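Chain naming follows the written order as A, B, C and D, and within any one chain the residues start at number 1.
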């Protein structure tokens, strides 16, 4: 056992311990804001775990979403929760009315928790130590995929229909949010000069990084999802700083971008279905640029959808026509 | 050099674990958020060290994304979650 | 006991902690956090088991599934939060009650 | 020779991170903690990045490292300002001996 392995082992053990502790604290702490901050820290450490498991693609996605967007989403929700519920008296009454949970109802879930861990742990440990899974299939087909990053190949080529349906899932989530959230006005223009200058630098950099991740995704970790999440973060930052958007852009151009990903996907799938005889079976020579086209459309849609999800309602310009 | 990178990454993780205390203790919401900011900077450093140890360029991209996104959470905190009747959660 | 297996065990423990929180805690925001932690646990198991391959690269298929999973999880979280806010608006409480008649 | 400077910078960076954490834990109020964190950690990261940049395989890799530092500095400074200003507006009093 070399010193370097010991250091890495200690790193892993501390990481595992911290994650467990954080997860427990997120569940057990009384204060909701504290739970959210702890959850953001949890997402941060998850990104480190992905690095240790040699999954840089996931680490990128988690860095953008787990450590950034989810935290922003939760905080905005907490803010609105406090805004719609300014009557703590009612809450006190309901919590006082509810009798203290009996001892069995506290202990039983804990016992169940331990049993589940033991059962699942046994199942995990009885799995074979070496299993190739789908690695041979992926290796065999990589040359025909049109890209060099195996994860991108799986996402956009081998299992392209998964990604197609996921785009639809995102759109559905946004439609549900819009039908529940109603019409909301954009927040008033920000007057803080520091925040404004931060946005002026950060937003272009975010867009640039998003383009970079999209482009590099063909042969290194990166791709539409990571690029889209970074783009979404740029949108969130703009929304937070009171970005002014014309009503006419919020109407049709926004909706066009939102459906662009699914739309391009479906059109290409349909064309390929009739010309190649299979859903999303790319001709080998064209696979590369078809994937790039799909990813570009998907990036725009994912970014716009995530920012719109953060906004939480049908956006309306604050200037009435 | 490898050993130094990994040891320093471990050291920074210990640092981060110590910062947890401030998140738990508070007392104000801003103190908790501040500690989360520390986690962001520390995680960037850990990622860069691991990237150098593994010779992986992709991890530097992850650190770049981290550096960018930590700011977004913090701005969301200042603009949204930080209500004006602050300093209520003293525990 | 190798490193990926430790992370897989961490995954199932996280899943169970999340499940526990989902059952025991009442506030809906907490339940949403619990679901997210459960999701992270499942992702961990998937990726850690994908690392058992003999070759130089881990199995990319679970990686791709987890990336889509993370994005779906964040959109589902956004939807759940909106549902929660709607419920609070209608009923004035962020806690699910046992029976509708209890709502005064 | 380059290795020696790298090690020196990395260790100095780690020291600053330690100082930042100690400040976060020991300082009495929000503003002093803000001061400890934002300054010490960003200098620590800068030193570490300088150490790593010496080892970088290409100029572009080193450039990316420096870019990361610049972004962390910018974000850290702005966020520290926003938090401190927010705290003042919300009536968090600075600590007095």
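As a convention for this text, a contact is a pair of C-beta atoms (placed from the backbone, for glycine too) under 8 Å apart; a residue touches a chain by one contact, two chains touch by 3 or more.
From a predicted model like this one, the values you see are computed outputs, not experimental measurements.
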Requested in this report: Going by C-alpha centroids, which chain is farthest from chain A? Tell me that one.
Outcome: D
Report summary line: Highest contact count belongs to the pair A-C
Requested in this report: State, to the nearest whole Å, the distance from the C-alpha centre of chain A to the C-alpha centre of chain C.
Outcome: 12
Query raised in the report: Approximately how many whole Å separate the CA-defined centres of chain A and chain B?
Result: 19
**Report entry** chain A: positions in contact with at least two other chains
**Finding:** 8, 36, 52, 57, 69, 78, 195, 198, 202, 205, 226
Report summary line: Residue numbers in chain C touching two or more further chains are none
Report summary line: Among chain B residues, those touching two or more other chains are 33, 35, 57, 64, 68, 70-71, 75
Report summary line: Every touching pair of chains is listed here as A-B, A-C, A-D, B-D
Requested in this report: Under the touch definition given earlier, write down the residues of chain A that touch chain B in their complex.
Outcome: 3-4, 7-8, 10-11, 14-15, 18, 21-22, 25, 29-31, 33-34, 36-38, 40-41, 44-45, 47-48, 51-52, 56-57, 59-60, 63-64, 67-69, 71-72, 75-76, 78-79, 82, 195, 198, 202, 205-206, 209, 212-213, 216, 220-222, 226, 230, 233, 236-237, 240-241
Query raised in the report: chain D touches which residues of chain A in the complex?
Result: 192, 194-195, 197-198, 201-202, 205
Query - Residues of chain D that touch chain A when the two form their complex - result: 71, 74-75, 78, 81-82, 85
Requested in this report: Over in the complex, which chain B residues touch chain A? Could you list them?
Outcome: 2-3, 6-7, 9-10, 13-14, 16-17, 20, 23-24, 26, 29, 32-33, 35-36, 39-40, 43, 46-47, 50, 56-59, 61-62, 64-66, 68-73, 75-77, 79-81, 83, 89, 91
Requested in this report: Using the touch definition up top, name the residues of chain B that touch chain D in the complex.
Outcome: 1, 4-5, 8, 11-12, 15, 18-19, 21-22, 28, 30-31, 33-35, 37-38, 41-42, 44-45, 48-49, 52, 55, 57, 60, 63-64, 67-68, 70-71, 74-75, 78, 82, 84, 86-87
